[in-house]
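Okay, so subunit A shows up in both of these, paired with subunit B first and subunit C after.
After this line comes the complex of A and B, so read on.
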């Protein structure tokens, strides 16, 4: 069962929910797809880690062969190439690795080379296999790392995918392989606004989904009202708890340290299993 | 026009809370929301009239004309994004590179314009607010951010100070928002995640040569971590412009579509006023 945990808004508790779900399972995989700011490993502290670089293909122009025809410069939709003072410059950060420049160069002056943009680290944390994607600072797109993580997921078993915030291309890539989406929402107008976006995203990709209401206060909860209005299944309500905030700030895992939270996440996992089957 | 950009790395640390308060306190006449993936600033800045809206065209999408297609498969074979299956282009997979258009021996493929978001402009007698909403699953967020900033610069060129709410992360929308700003104010959170992400954010800002300052939000959640953040910043000569305590008034303000600056006697309201004074004297003044 592949569970994607997403939220639209940042800081609502995606990592908290996915890490704790992974720990509540007997054996599981936790995959951190928030490659711009991966945080799950800070809590899980995986051991015996193995790190592999993630590379993309970028053009390398042989100026000895180049006939200065500008074909590559004119072709590139991303403005990743420019002919400046008789030299072809390549701006790697904006290259999408489409390969068009090399393919269409009439002088065969462009070859492709690998360029590292980040890494995937694999390790173990007790019952959890931890996969962490990490984009190098200064790089624009983590999509190739997300695709690399996708290839590493096992076919079966409980897999928790910790998604990036937002509802753009990176969030979309992350839910592609999911069997079920858990939308984590906090009780603010911001939380509701961004919940409505991931709600649309899950519907667009025809993924079954339910909501976890996090940081619930006794006051009226606008996120809960949204769920009632749209007839969305609420899978769990996690109260706002200062002690939980303190545990979290130190990188401790509630489901491993506190029986009540362990029970809460076991129940949530059970509910997800039933939902994903039906 | 001086530009102050609010960033954080980690999401949910309080960028929009800080940005909306600074807009109110500075009486800024120009502001923008560059979090085009999940914009929220419009929910709390004082209501202006209905926005002017314009479709935003990002990268094009390829389209195959089935009547011309000779089903040779060269497009599928050369597409690096696995966007073509059974001689049809997947809208979400296609990144608009144009390789298939060029490679097709039957000229059966053309690029068509694709609306990847909506650009919005609010204005009243005093101020201009530029924002946008990216279409779901779209990949042109960096380009749209650049358009939001361009719109702001065009419409409010005589404003002295622009305040820009940024997006989480360190990738393309953040990189696009950083270009040309005078200072990035990083809203840090004293949690293990917040600290990790702040460091990556500082790295990114420095990579692009932008001056940074830091403020710590919800500092009293973990005082030891707050002190660690301040020591870290000191060691890199990054000014820490203030601490904001955890304060439930912030949630109440947001849920009433207000900024925390509307609650000047609240602990968080007082802290943000002091941050604004600090920034104004040391960086803008």
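After this line comes the complex of A and C, so read on.
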């Protein structure tokens, strides 16, 4: 069962929910797809880690072979190449690695070379296999790293995907292979706005989904009202609890240290199992 | 000297367009001959790399100088390689800026922004 944990903004509780779900399972995989700021590893502290680079292919132009025909420049939809003063300039961060320039070059002057844009780290934290995607600072797109993580996921078992915040390309790529989406929401109007973004995304991708209401206070919860209005299943309510804040701030995991929360996440996992198969 | 200015509409009295890569038009002014023409900016609709494509077009038309409000780093790299001088535009129309350039009142553009790559967000 592949569970993608989403929210419209950072700080809502995606990592909290996905890390705790992974720990509440007997055996699981936690995959951090938030490649711009992966932080699940801060809680899980994986051991025996192995790190491998993630590379993309980019063009390398041999100016000795180049006949200055401009075919590559004109072909590139992303404008990653320019020809000025008899020299081809390549803008790696704009390149989408389609390989078209090399394919269309009549002089065979363009070869493709690997360029590292980040890494994937794999390790163990008790019952949890931890996969962490990390995009190098300054890189434009985390998509290749998310694809790399996707290839590393086992076929079966409980897999928790900690998605990047928002509903842009990286979030779309993250939920593509998910069986079920968990939308984490805060009890504020701002939270409702963010919830509505990922709600639209899950619907667009025709993924089954439910909501976890986080940081719940005794007063009325606008996010819950949104769920009622849109007939969205509320899977769990996590209270606004100082003890949780204390544990989190120390990098500790509630489901491993606190019986109440262990029980809460076991119930959530059980609910997800039922939801994901139905 | 051929001078290029991003412009909001096909008029020398129109204001300079604040965007370089996604300006709708470029005014191409020959300061020696006193002639001018307007170019459609084909880069404006690009999914990405608009600045690179616009800069390539400027290099191709033999521009010696660009007067612009701002310029991204990728476009600046192309323009520098092509030897196009970049001047910082002042408030006002294309004509105002050409006059200021002739009077030596325009300074070189020194602030190059890191670009608006990816989904317009960053």
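By definition in this document, the second predicted complex is superposed on the first by the 278 of 278 C-alpha atoms of A that agree within 3 Å, B and C clash if a C-alpha of one lies under 4 Å from a C-alpha of the other, contacts with A are read in each partner's own complex, and residues count from 1 in each chain.
We adopt the following convention: contacts are C-beta pairs under 8 Å (C-beta built on N, C-alpha and C of every residue); 3 or more make two chains touch, one makes a residue touch a chain.
Here the structure is a predicted model, which is why all the values come from computation and not from measurement.
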item	value
Subunit B versus subunit C, judged by how many residues of subunit A each one touches	B
Partner chain(s) touched by A:73 [first = subunit B, second = subunit C, both, neither]	second
Subunit B versus subunit C as contact partner of A:170, first or second or both or neither	first
First, second, both or neither for A:92, with subunit B first and subunit C second	neither
Which superposed partner A:140 touches (first subunit B, second subunit C, both, neither)	both
Contact residues common to both interfaces of subunit A (with subunit B and with subunit C)	77-78, 93, 140-141, 168-169
Residue numbers on subunit B that touch subunit A, as the complex places them	8-13, 16, 36-38, 40, 43, 59-60, 78, 80-81, 92, 95-99, 102-103, 134, 136-139, 141-142, 167-175, 189-193, 196-197, 200, 203-204, 207-208, 221-222, 225, 248, 251, 254-255, 257
Footprint of subunit A on subunit C - complex, ascending	43, 46-50, 52-53, 55-56, 59, 74, 77-78, 81-83, 117-119, 121
For the subunit A and subunit C complex, residues of the former touching the latter	73, 76-80, 82-85, 87, 89, 91, 93-94, 140-141, 168-169
In the complex with subunit B, residue positions of subunit A that touch it	8-12, 15, 34, 36-37, 39, 42-43, 75, 77-78, 93, 96-100, 103-104, 135, 137-143, 164-172, 186-190, 193-194, 197, 200-201, 204, 217, 222, 245-246, 248-251
